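Shared between the two complexes below is chain A, which pairs with chain B and chain C, respectively.
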Partner chain A sequence: MHKIWNFHGGVHPVENKTQSNQLPIIVMPIPTQLTMHLSQHIGKVAKAIVETGDYVLKGQLIACAQGVVSANVHAPSSGHVSAIADRTLPHQSALSGPCIVIDTDGKDQWATLTPTANPESLSKPDLLNLIQAAGITGMGGAGFPSAVKLQPKSNIHTLIINGAECEPYITADDRLMREYAAQIIAGIQLVQQLIDQPHCLIGIEDNKPEAVAALTYAADQHTNIEVCVIPTKYPSGGEKQLIEILTGKQVPHGGIPADIGMVCQNVGTVKAIFDAIILGQPLINRITTVTGKAAANAGNYEVLLGTQVTDILAFAKVDLAKTSRLVMGGPMMGFTIQDTHTPIIKSSNCILAAADLELAPVADHHACIRCGQCEVACPAQLLPQQLFWFAKAEEFEKAQDHNLSDCIECGACAWVCPSQIPLVQYYRYAKGRLKTINSEAQLAEASRLRFENREQRLVDEKLAKEEKRKARALTAAAAQAAKRAANPSAEDPIAAALARVNLKKQAQTNIAAQKSPEDEYKELKTAAAITRTKLNKTRKALTNAQAQDHEQAQELQQTVIALTTKASAAAAELHAYEVKLGLDPEKEKTLQLAVAKANGVVRKLEKSLATADDLQQLEAEIFNAKAIHEAAGLALEEHQANAKEKPTSTQES
Partner chain B sequence: MQTLYLAIAILALLAIVFGAILGFAAIRFKVDGDPIVDQIDSLLPQTQCGQCGHPGCKPYAQAIANGEAINRCPPGGETTIKALADLLDLEAIPLDAEHGSEAIRTIAYIREDECIGCTKCIQACPVDAILGAAKQMHTVIVDECTGCDLCLEPCPVDCIDMLPVEVTSASWHWQQPAQLIATSNLPYSRGESDHA
Partner chain C sequence: MALVNISSPHHHGLSKTSRLMGWVLLATLPGLAVQSYFYGYGTLINLLWASVLSLGFEAIVLGLRRRPIMPYLTDGSALVTAFLLALALPPFSPWWLTLVAVLFSIVFAKHLYGGLGSNPFNPAMVGYALCLIAFPVSMTQWAGTESTLSFGQQWQWFWLESIDGGIDAWTRATPLDLMRHTKGLTLNEVASTNPQLGLGLIANMWVNVAYLLGGLFLLAIRAFTWHAPVAMLAGLGLCAGLFHMGEPDLYPSASQHLLTGATMLSAFFIVTDPVSGATSRQGKLVFGAGVGILVFIIRSYGSYPDAFAFAILLMNLSAPLIDTYTKPKAYGHQPKKPHSQGDK
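What follows is the complex of A and B.
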């Protein structure tokens, strides 16, 4: 018997497992429609490789993984792709995400599979490729791609198989272990082959004696696979907690199990690996528990991925009128389903249809009385009450310092809290805000770098221009000197000297003016634009404030008045300058618009050319439109040329 | 008397030695740039929008270091003001309304079939987030756009829209639970069931 350790904290909620674990797994008939989500919440969205209207076979690849943390998606049954569009995600947010919708034809026709007869001959990369190709992700919780987790690392000495299933109500893994023990053991052997034959420990809570018996029997011949019975305590199925129970070692803060030579896999995932390698079947179905007092036929069902929750509810005879809350996942870590058309995904282990008062109703919460019970219950050895205060006061950095990231959101603290504070929601909120803050900081840093690079570039460009101008002036002067040398008597020396003095004076006055008219013009333009933008923004704010009868309205009103005068002053100044330079931006804008419009007309006409019947007329029209476009372009160019000449002439005069 | 000379000599020697160490340290560990300006700059949102009245965040950071008010950056809003107040040991004051108000973050999108390829927006963008060439369609690199609005004004055909940043399942997060009053007479509260 393997030695068992204990972990800090934990709670003992009512198990409620017998409602669903009495009957064998029932295979649910193929639903008429399957909705396959392309994203798994983390990592990139898989890329669809089929199109609407395509006929797909069962097990056919329909979307390819993109990047590392992404998984392949396969058709769970044969039928036609009826849509590739956004559908509600099985996620707390109830947002939508890209999906492939398949209308099944009931034939359930398999694509050609490639089973492996003697897996011992497979190399490690081959095994890993097969697991990756089958789109296997963790079936216990987060849905992390298994191929990434099982990537060969050195020094892995222990393989932990998670069969604890500690959350109340859920019995999917229990039934799976009872009925597929041999497949699970075979799957474990494949994983052992993949990572240098580590010793394997299977952790199962002592409330599942049948599963323990089945697996012990199946593992009888294998000396390096041990079935360990662990005491029932929530959350013993947490990865880090299970590792501590089975080995007495703790995963370091911020680390992963591989750091201490361990890899953890769920029993469902191991079974999926068996199916993928030995049978050649990709991951297209899973065992899901349907339970709760509102479910007449509570039990475990083998459902195709993509089956909508409504279909499952109908099949398990769930009385929706009696259901007060519909939860996906367990009562401790699950989330309320808002749209029953949400599909089952690879990590959906339970649907809980709770009748009135079966789950603790969402009550109002009271103030924290600092009783410290949460700290006693926390399996991650955190200080939940401190984290709560920080999250509430929005002091996220302090929460971070108190190791908020180590919180596994197990809900043990909220379960024991006498003040019924929804602690986990506070932590999720704080984690979300921290994530946004970090990503914003990253974005800001990148923007800062790009801004600075741009400034540097502009300065460099200006210097280069100046340099060029100087070089030109020098060559011109040299040329003139040469000319003079060739023809020395051409000029009166006194007159020349006077002219030189004059030139110098002029140059000095130019320097005194410092800014070139173009620069000044630009500055005025920006100033006018900025005041205009500010005015518009304040105006908007004002209308908002007025609509809401805000007390700020008065203040804003005054700001608007002040800004209006400012803006008109800036505009007047700009206009005066424009007149001085002989510019006419209004005209330029109208001309530009005319060009753009004419261009649009030409393009539109050309487009309709492809479908038109009366070709000749259209061609004539296009000819006309092109002529207009050209004329407009010419007018614009002429105007611009004029404008360019003028400022230089003012400069010289 | 001799002790006095000895003491003076020892002190003088010590002064020379420490002076040398300090002098060496001043050269060896010289800090480039102005640390306080950089610190202030790192707290600004780097939108580079100019709403503070300066041509970018760095110049505003410089101005703050020279004593300008810290409440002129609307994109940063309350959070930035608070952070700046913490750093500079000043009082956190409300945002100056003359410089604009806090708004939701937006990103520029060019209606590409209307773009005439004038390159004006490229010249206006402070963070090089627009891609295009003369007489070619332009587009905004959405991951790099800071939403500063500076490209709207120069566009001669008004084909740039500022759209709010969309919430995706990756960026979505839980909200803080609603703050309820401490006592209530809802039938589900625990006090009630205890009495029952």
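What follows is the complex of A and C.
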């Protein structure tokens, strides 16, 4: 028989399968209302193509797939569309999603079906179209549109059929394999026909001997279909785990099974493919297990998609008063629902109505002691205890580093955790946060790229303009040259213009350079005065500082020295300029004084004129004084005139 | 009908922290019995005293930290610390020595670092190392095997550190002490001049065998993986064996190393402490081997006769570094060699 490999980790929860797998599948009667979600699959929401009030037939297409990853939705029974509105989604969040609600008329009237009597004649595109049209999605749990999965880009050598059904309590696939073995094998052959006859391995856990027997019998005549019995160990039914068990190979990180030449399909899915191609029936019903201690008639039921949980519970005689937890799916990966009007969708394999204490109670969890039991149990070979610490500390990047994305949320870690920590919840939280963080980062990156592209574009445009301008200039120059060549006698107008401009510029510079000596003298004088004032001020401050023994005294002393130097330098400069100008402020001052003095004498004498005894002598004195004053004034004028004359002469020389 | 809304999985195995701790406590019993048989009632008195103190301190600190007291008190971790300390401390420990050790273990090494699961160092080893440094004399009072005291005498010693009638020669150097302080004699000469060495070795061996049995039991019920203890014993055994081959007069043989002192107690009850050890299985191999090698080095060249407390604390320090470099490859990250389960 086929060689079986082991996968890392795994746990052995109590199976609890016998409650529901003893009786044959029971067909549930048509409920009065069907709620068909437009999103029963992974991918885009299907688009409704019926209106409220329309009469629909069983199997009639009521919503179209949108885009590549999406799936058609069909009416599971005949009746009137009573509403197209939002209803509770079968999801932990209990959010709502768009639905087509059909009030059934009980006639269960089929639309016209087109069965295929001779499937061998069908081409690959025909097969794919039929599968796509029938709205088939993965029936094992994830609900990925099968038509997408069945057109792999690489060469497929192995087809894996998943009949492991490793979740406790669930027996839908078990009963399906027992009762529809022939259809499953026929479905497998159709898939093989579609993807170049790969070798087929059917993996079934050894706790389902009847299913193994039925399929082995049905596959007896087919050399390229092998039934493989695998040890019962949760989660052997995980796609990646089953591939490892049956082939010893691992799907590369971030890849899909097709990357290593494999495609995996659930037994329910291949049965649906059989129905779609051979019988022409779209996917409108499925086998769902109803089990748990609160269910009096636990078993497997063939239910129409869209049937509300409450109808199923009533049919299976579930005592709602006894039910403490309603789980859709199995106890390891299923989610709780609170709204019993939630409908069945294509991937709903189980409804678990658990009585009190049947499932793990909501326990207060203890501290993680890093015992490592989770690591031993983890089928993805992760370090769950580290991921837990990272998620708790919100160190999401570290969690990503420790391959959080490889976590399949199987719950084996939480199952073994002695501290009863809800580990999976922490991982879901971290995954959600990482998704947000990454999408934000992507957004930021996109904006950055957009901005950079815009900047680049602007630069490019500028450069292009410059290029154009240069090209134009070149053409013009060439034209000029041509003109000159044609008429060499003419003076180059550009050169002439440039010469003119240069001359003008030079003249302007000369004018700017000529500063009047008076202004210059004034400037120097002001500079000297400012320095002097500064020096005096600082001296004063220094005296103060020294008096108060202030620590700044030293600094001030330095400043005083510096300023003294500066002041003397300014005075020297001023003096030099004065000499250069021929100015002699000292002499001028003396002359001014003499004039003032003489003036004073004249005034004084004139005043005493009124009271004078000897008028003649006084008048003579006044005359003398006036003469002296005049002479002094003349001397001053002469001096000033000399000073003004001198710089002009130096300038001119 | 009140339907709850909680996250999967809805199933849980039987594993529980308190159960795990209970198994560990149970597994120490053979060792405790043999130790008491050879060294008298001291260990038992110590154990009771340490347990009372440990639970008391735990409750007080939990109260101070405003944590729920009963759930944490019943998880058994405080008792495990108490047991390990009592088994590691000499039978002639007076009441205050145990008190200091337990106080430091529970309050400082455990709760000041955040309580169960957050302590970087093994609490029992921190308490032990503190006493070893602070009270070296009290920490070496191991009974000689030939003269065990009555319960009354032991009880008196425990509280008063004196015994009516002044019995002497009731403590002896341990085999490890003797083998260390050979004063230039070869091991054979030491054995011939110290008749009690042979007896000590036999007692030591039986105690170690008892702990080994307890450890194997824990391994069988998968309380921990084999990696850390096996790596530790291999590390110690290999070093000892190699040196013994080179210089048999100076270095005791591997079997003597493995069956004296606290080797087995450490290997199965302390090195396996998950909180302060390395995380992954590869990491546990490195961690265990490191402890083994350090124990050999300290026993052979250090100034303390036995070395587990220091070796383990040193490796506790290295655990985060080990974790960084021993991250296992996750599913799909390596071209893996499949491990076969055989044809069916």
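Operating definition for what follows: the second predicted complex is superposed on the first by the 438 of 653 C-alpha atoms of A that agree within 3 Å, B and C clash if a C-alpha of one lies under 4 Å from a C-alpha of the other, contacts with A are read in each partner's own complex, and residues count from 1 in each chain.
Methods note: a contact is a pair of C-beta atoms (placed from the backbone, for glycine too) under 8 Å apart; a residue touches a chain by one contact, two chains touch by 3 or more.
Keep in mind that this is a model prediction, so the values were computed, not measured.
When the two structures are aligned on the shared chain, A:Gln420 is found in touch with chain B and with chain C. When both complexes are overlaid on chain A, the residue A:Leu320 reaches chain C alone and has no touch with chain B. Legend: residue contacts after superposition of the two complexes on their common chain; A:Leu34 is shown touching neither chain B nor chain C. Of the two partner chains, neither chain B nor chain C is touched by A:Ile156.
Legend: residue contacts after superposition of the two complexes on their common chain; A:Leu89 is shown touching chain B, with no touch to chain C. Once the two complexes are laid over each other on the shared chain, residue contacts for A:His366 go to chain B and to chain C alike. Touch criterion met: A:Lys3 reaches chain C, while chain B stays clear of it. In the superposed model, A:Pro379 lies in contact with chain C only, and not with chain B. In the superposition on chain A, A:Lys249 makes contact with chain C only, not with chain B.
Residues 92, 362-364, 366-367, 418, 420, 422, 425, 428 of chain A lie at the contact with chain B in one complex and at the contact with chain C in the other.
Partner chain B is touched in their complex by these residues of chain A: 39, 41-42, 89, 91-93, 95, 97, 361-367, 391-392, 418, 420, 422, 425-426, 428-429, 431-433, 435-436, 439-440, 443-448, 450-455, 529-530, 532-534, 537-538, 541, 552, 555-556, 559, 562-563, 589, 592-593, 595-596, 599-600. Listing the residues of chain A that touch chain C in their complex gives 1-6, 8, 11, 13-14, 92, 94, 168, 229, 231, 240, 244, 248-255, 320-321, 323-327, 329, 331-338, 352, 354, 359-360, 362-364, 366-373, 375-376, 379-383, 385-386, 402-403, 406, 409, 411, 414-420, 422, 424-425, 428. Within the complex formed with chain A, the chain C residues making contact are 1-13, 15-17, 19-20, 68, 71-72, 75, 77, 115-118, 222, 224-225, 274-275, 277, 279-281, 284, 323, 327-334, 336, 338-344. Every residue of chain B that touches chain A in the complex is listed here, in rising order: 41, 44-48, 50-51, 53, 56-58, 97-101, 103, 114, 116, 118, 126-129, 144, 146, 149, 153, 156-157, 167-177, 180-184, 186, 188-190.
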